[in-house]
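First chain written, first letter: the chains are A, B, C and D, and each begins at residue 1.
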Amino acid sequence: MKHACLRDHARALAVAWAALLALMLASLGSAYLRLGAGNAAVGLAIAVIKSAIVVWLFMRLRTSSATVRIVAATALATLLLLIGLASVDYATRPVEPAAYELPRQTPSLAGARPVQGAR
Amino acid sequence: MSGIVDLASDAGLSWLGGASSVAPRYDLLFAAMVLLCGTVALGVLVAIVAFSIRYRAGAGRGDAAAGRRTRAIEIAWTVTPLVIFIGLFVWAAHDFVALYRPPADALPVYVVAKQWMWKLQHRNGRREINELHVPLGQPVRLLMTSQDAIHSFFVPAFRLKQDVVPGRYTGLWFTATKLGEFRLFCAEYCGTEHSQMLGRIVVLPPAEYARWLGSGSEQPSLAQYGFARFRALGCSGCHDPASTVHAPSLEGLLGRTVHLQDGRTLVADENYVRDSILVPGKDVVAGFAPVMPSFAGQVSEEDIQALVAYLRSTGAPAPGDPQGARR
Amino acid sequence: MTAATAAAFVPADVAHDGRAAKLGMWIFLATELLFFGGLLVAYAYARTHWPEGFAIASRRTDVVLGTVNTGVLLTSSAVIAFAVACAEDPAQRRWTARALALTAVLGVVFLAVKGVEYAHEWREHLFPLAGFALADVAGAGLFFLLYFVMTGLHALHLLIGIAGVCVFAGATRIAKPWATAPRVEAMALYWHFVDVVWILLYPLLYLVERHA
Amino acid sequence: MSSVAEATIDRVGDGSAAPAPSYLDDGHSLRSWLTTHDHKRIAILYAISITVFFFIGGLAATLIRLELATPAGDLVSHDTYNKLFTAHGVIMVWLFLIPSIPSVFGNFLVPLMIGARDLAFPRLNLLSWYLYVLGGLIVLVALALGGVDTGWTFYAPYSTMFSNSWVAVTLVGVFVVGFSSILTGLNFIVTVHTLRAPGLGWFKLPLFVWAHYATSVILVLATPVLAITTLLVVAERLLQIGVFDPAHGGDPLLFQHLFWFYSHPAVYIMVLPAMGVVSEIVPCFARKRIFGYRFMAYAILGIASIGFLVWGHHMFVSGQSLAASLVFSLLSFLVAIPSAIKVFNWTATLYKGSIRFDAPMLYALGFIGLFTVGGLTGLFVASLALDVHLTDTYFVVAHFHYIMVGGSVMAFFGALHFWWPKATGRLYPEVWGRIAAVLIFVGFNLTFFPQFLLGMRGMPRRYHAYPAEFHQLHMASSAGAVVLALGYLLPLFYFSYSLRSACRAGANPFGALGIEWQTRSPPPTHNFDRTPVVPEHVYDYAPPGPRPTRAPAAGAKAS
């Protein structure tokens, strides 16, 4: 009984593993296509799918308690907020680069910090 | 928009000393906020004091059952602030957005901030250090960048501030509405002498401004520039009288007789200063450790001349403040 | 309510063990996600500002070894998931220990391959220090900085994971009472997370643009 | 309902006839303290260590105020001044305020309040303390070597490229302390989820526990971003290339985004536990159920979650985009709403109460007043157009000191008085307690209110010397600081005195209803002799009868 259960389990894991490797190869292949911004999108989308498989099946979020799911969702939401709200700035900030003179530092007397290297 | 400006002047807020077209709108919003928040704070305070007296233990007015049904009240004091806050946001945002829309005819001025000075350049190439002359009633647009850390261009009388960031330009525009001199502060902490990174804005009548702008392609005096380099290169970090590093004071150095560690004496002249900067180990002053690093490759000939000019100015009988703008 | 018999105080922390270990690990992983999240923001900024530099720099990474390593790590994840399944059945103790040991071996293989990559990159002057090979490509320095910080931190996490998995493999083998199934599962959660980080890093670092 | 509490108190009174040793008497050796897993002992360890750091940070503040008593920079050099305010900020934020209420009172009380034996991971808890001490020592080493001059904000590129001070060492210290915070937060969350006493549902939890739960969530989710940011700064200093470095295509504002993503929620790490403390004290001394319990709990969660969305309001003039500033400003106004709800609800709790003014209550009322001012002035700096003028001036300095010192430190002292009898079994001298409370309240306002006026008039912060027109207000502020310093020193003396006095506290000297009051004072190592009784409603206070009498156990109280 338990053995059968374990065998089923192992089979499911093997299928997930095969899917992960297939997705990895797909993502590798996509990098050689000329997709412009699509390269990044496809690469990330596949990475998200792979992560979802790992989290959902390997990490057993599928059968986890509500508390654990809330923890996972909160973490993901916070990460997206960090990236999202920072992107609001970067997406709408006009870029006006200015010539930047390399700083010429006087060497430190205290020795707290190495002398500015050649840059 | 001008209606708001008029309203502000009508409200009698000009005594707050605002000196730009932005200031009256700022003062009005500020006054409104003080009024609103003051009322709320006072309300809370009065409530706490009144309850504390009326319902003090021993007064026997306590009622445990009071205040159990709270939902309506809670919703009321959730929604009311929400509405007020959105109103405040819109008002403040409206004024803020205007700061991002400089008029097309604004006079451009280029600003470079570095530790710890402001270098400004007008359209016709006239340069200033720690001083900015602008005409009354005419929009001026600053294009600013930094050569090192982040600085911030802050003119309290104009109610304006903008960080100056290395590697990119940031902008700031204003129209001065009062004649006179106004303080310029660096408001973003930028290192040792952050609090000395001061300057002034001089607002002139347009005709006088035109004369001023035309009269001078002359640079700021060499001594003035030298003082700025004295600080920017970090000399003042050790040689300032207030410094914790044990280094000789350089005030009135030129012409002074210097006693060296190996027993020689010499009279400090320009060449001595140059040697001390480039080959500091050569003539070490008696009583001081030879800790000064060489600045060879870091200072230009122009810098050395300027530093000498500055040192000479400190030796004059009545040196005066080399930075006219300070204090 | 008032039926307060003067019962001796029985703390509630007997039965909670498994739940607490797993929940604790999930919360720790939430922390870890945000830790790498800061790097992801930096990466997003740098890549959107220097797309060409990132493409050029990314082509200098070793995509073959990177892909092999991805496969190794994905496999290790599947193996440790199998170990967790075995751990739930005390009769499969030996299989649990074997699977955990295999996981650790795969982790070591990953680190070895990563070391070979680093050695290549050192020889090709791809460390963003003095003498950096791509010094004239705007953004390439940032790419390789992020590459080394991200993969370095990932390797550090993996190293900790390998140590932890080895400990559990040994403990399971000799049936230490504290090596319970929920704790093995918590350990595995960490391992999977390190894997997920790599899954994200793989396209971001190796696959920016491979054509042309 | 209150009969339940009284019955409980009586039973505990009986139970104490055959006592197990209290946690304080359970081993007296240094070793027994340094290897303890007992959350109460770890709380005491934290209390001692943060007190040390509080007075080191306070010393820096004293020197700052002394220097600013005159316009010229005459007491210390520029460099020393910069290092002083940096040390003040770093120590007060990371080594005092962030661990203050959570690590001391949270540690001590969360398990007691939920009827648990200990935290979920007692060994991890001890590790947190060691990490905290290690990080604190690293920061002190950096100070001893010569200090840091970047300000506690460590803004790049000054911190990465230009500062000639011990930035990297200090940041390593901050990183380690951050780890301690994360582990504490993790421990609290798991504890609240898994170790609540049977029958203690989420909406029966004291607001103190709610506040610590929310704080822990912030600790766990925000601190790692600070950790990676400090690592990036250290790497940039060592390698001379980094993502914040404009010379290599990096962005200095990226540092600010990452830094404030942590440091704004960190404000709520400091103030949410303080709100929890006040929510315990006010109903107890008003003898009144807290007004709108559920709304208070939701407000805590609201503050914690919206707090993550507002970090950009520190960057309105930094050069971030207009759109970002608009978004962050709007969100910042939203976070003020739950704070307003809390203030209104505490005030409403007083209505028809039966209010006693013991020292904890004075601190709590002081908190409400000062927090109200701090919160309302927050609206000024959340308003875009006003922030342009006010940011980086003393207005901001005053604003956040009203929140962090007027708010959090007041509440910390309130908590210290309120739970002192529980933790030590001794009563503090009530009269001295009240004098100190008033002294701190008055001294605080004298110190910091003038700073609002300074900021309005354009006095920039972090200035070692300043123009003469600001002299009078700075003088006033420095004079007020003397009063404030006296107020902070006073409790040190009377608390030490009370430890040796014979004035023992009963299990429940204030007649409070929390589960922590059902056990002895000081509690036994295993926390409870009997299974604690979960009350129907955690704040079911009622005024005493028509003749004012104190709650039964308060008879031993001398005041």
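Throughout what follows, a contact is a pair of C-beta atoms (placed from the backbone, for glycine too) under 8 Å apart; a residue touches a chain by one contact, two chains touch by 3 or more.
Not measured: the values here are computed from a predicted model.
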item: Winner on C-beta contact pairs when B-D is weighed against A-C; value: B-D
item: Subunit B and subunit D, separation of their C-alpha mean positions in angstrom; value: 33
item: Rounded Å distance, subunit A centre to subunit C centre (Cα mean); value: 12
item: Whole-Å gap between the CA centroids of subunit C and subunit D; value: 35
item: Distance between the centres, which are taken as Cα means, of subunit B and subunit A, whole angstrom; value: 42
item: Subunit A, residues touching no fewer than two other chains; value: 67, 74-75, 78, 82, 86, 90, 95, 100, 103, 109, 117
item: Junction residues of subunit C, two or more chains touched; value: 19, 23, 27, 30, 33-34, 37-38, 41, 45, 49
item: Of all residues in subunit B, the ones touching two or more other chains; value: 148, 166-168, 170, 237
item: In contact (per the touch rule at the top): chain pairs; value: A-B, A-C, A-D, B-D, C-D
item: List of subunit B residues in touch with subunit A within their complex; value: 145, 147-148, 166-170, 233-234, 237-238, 245, 291, 293, 295, 298
item: Contact set on subunit A toward subunit B in their complex; value: 95-101, 103-104, 106-107, 109
item: Parts of subunit A lying in touch with subunit D, wherever the complex brings them together; value: 67, 74-75, 78, 81-82, 85-86, 88-94, 100, 102-103, 105, 108-110, 112-114, 116-117, 119
item: Subunit A-touching residues of subunit D, taken from the complex the two chains share; value: 145-146, 161-168, 193, 217, 221, 225, 237-238, 240-241, 246-247, 253-254, 257, 261, 308-309, 311-312, 319-324, 327-328
item: Subunit C partner contacts - residues on subunit A that touch it in the complex; value: 2, 6, 9-10, 13-14, 16-17, 20-21, 24-25, 27-28, 30-34, 39-40, 43-44, 46-47, 50-51, 54-55, 57-60, 64-65, 67-68, 71-72, 74-76, 78-79, 82-83, 86-87, 90, 95, 117-118
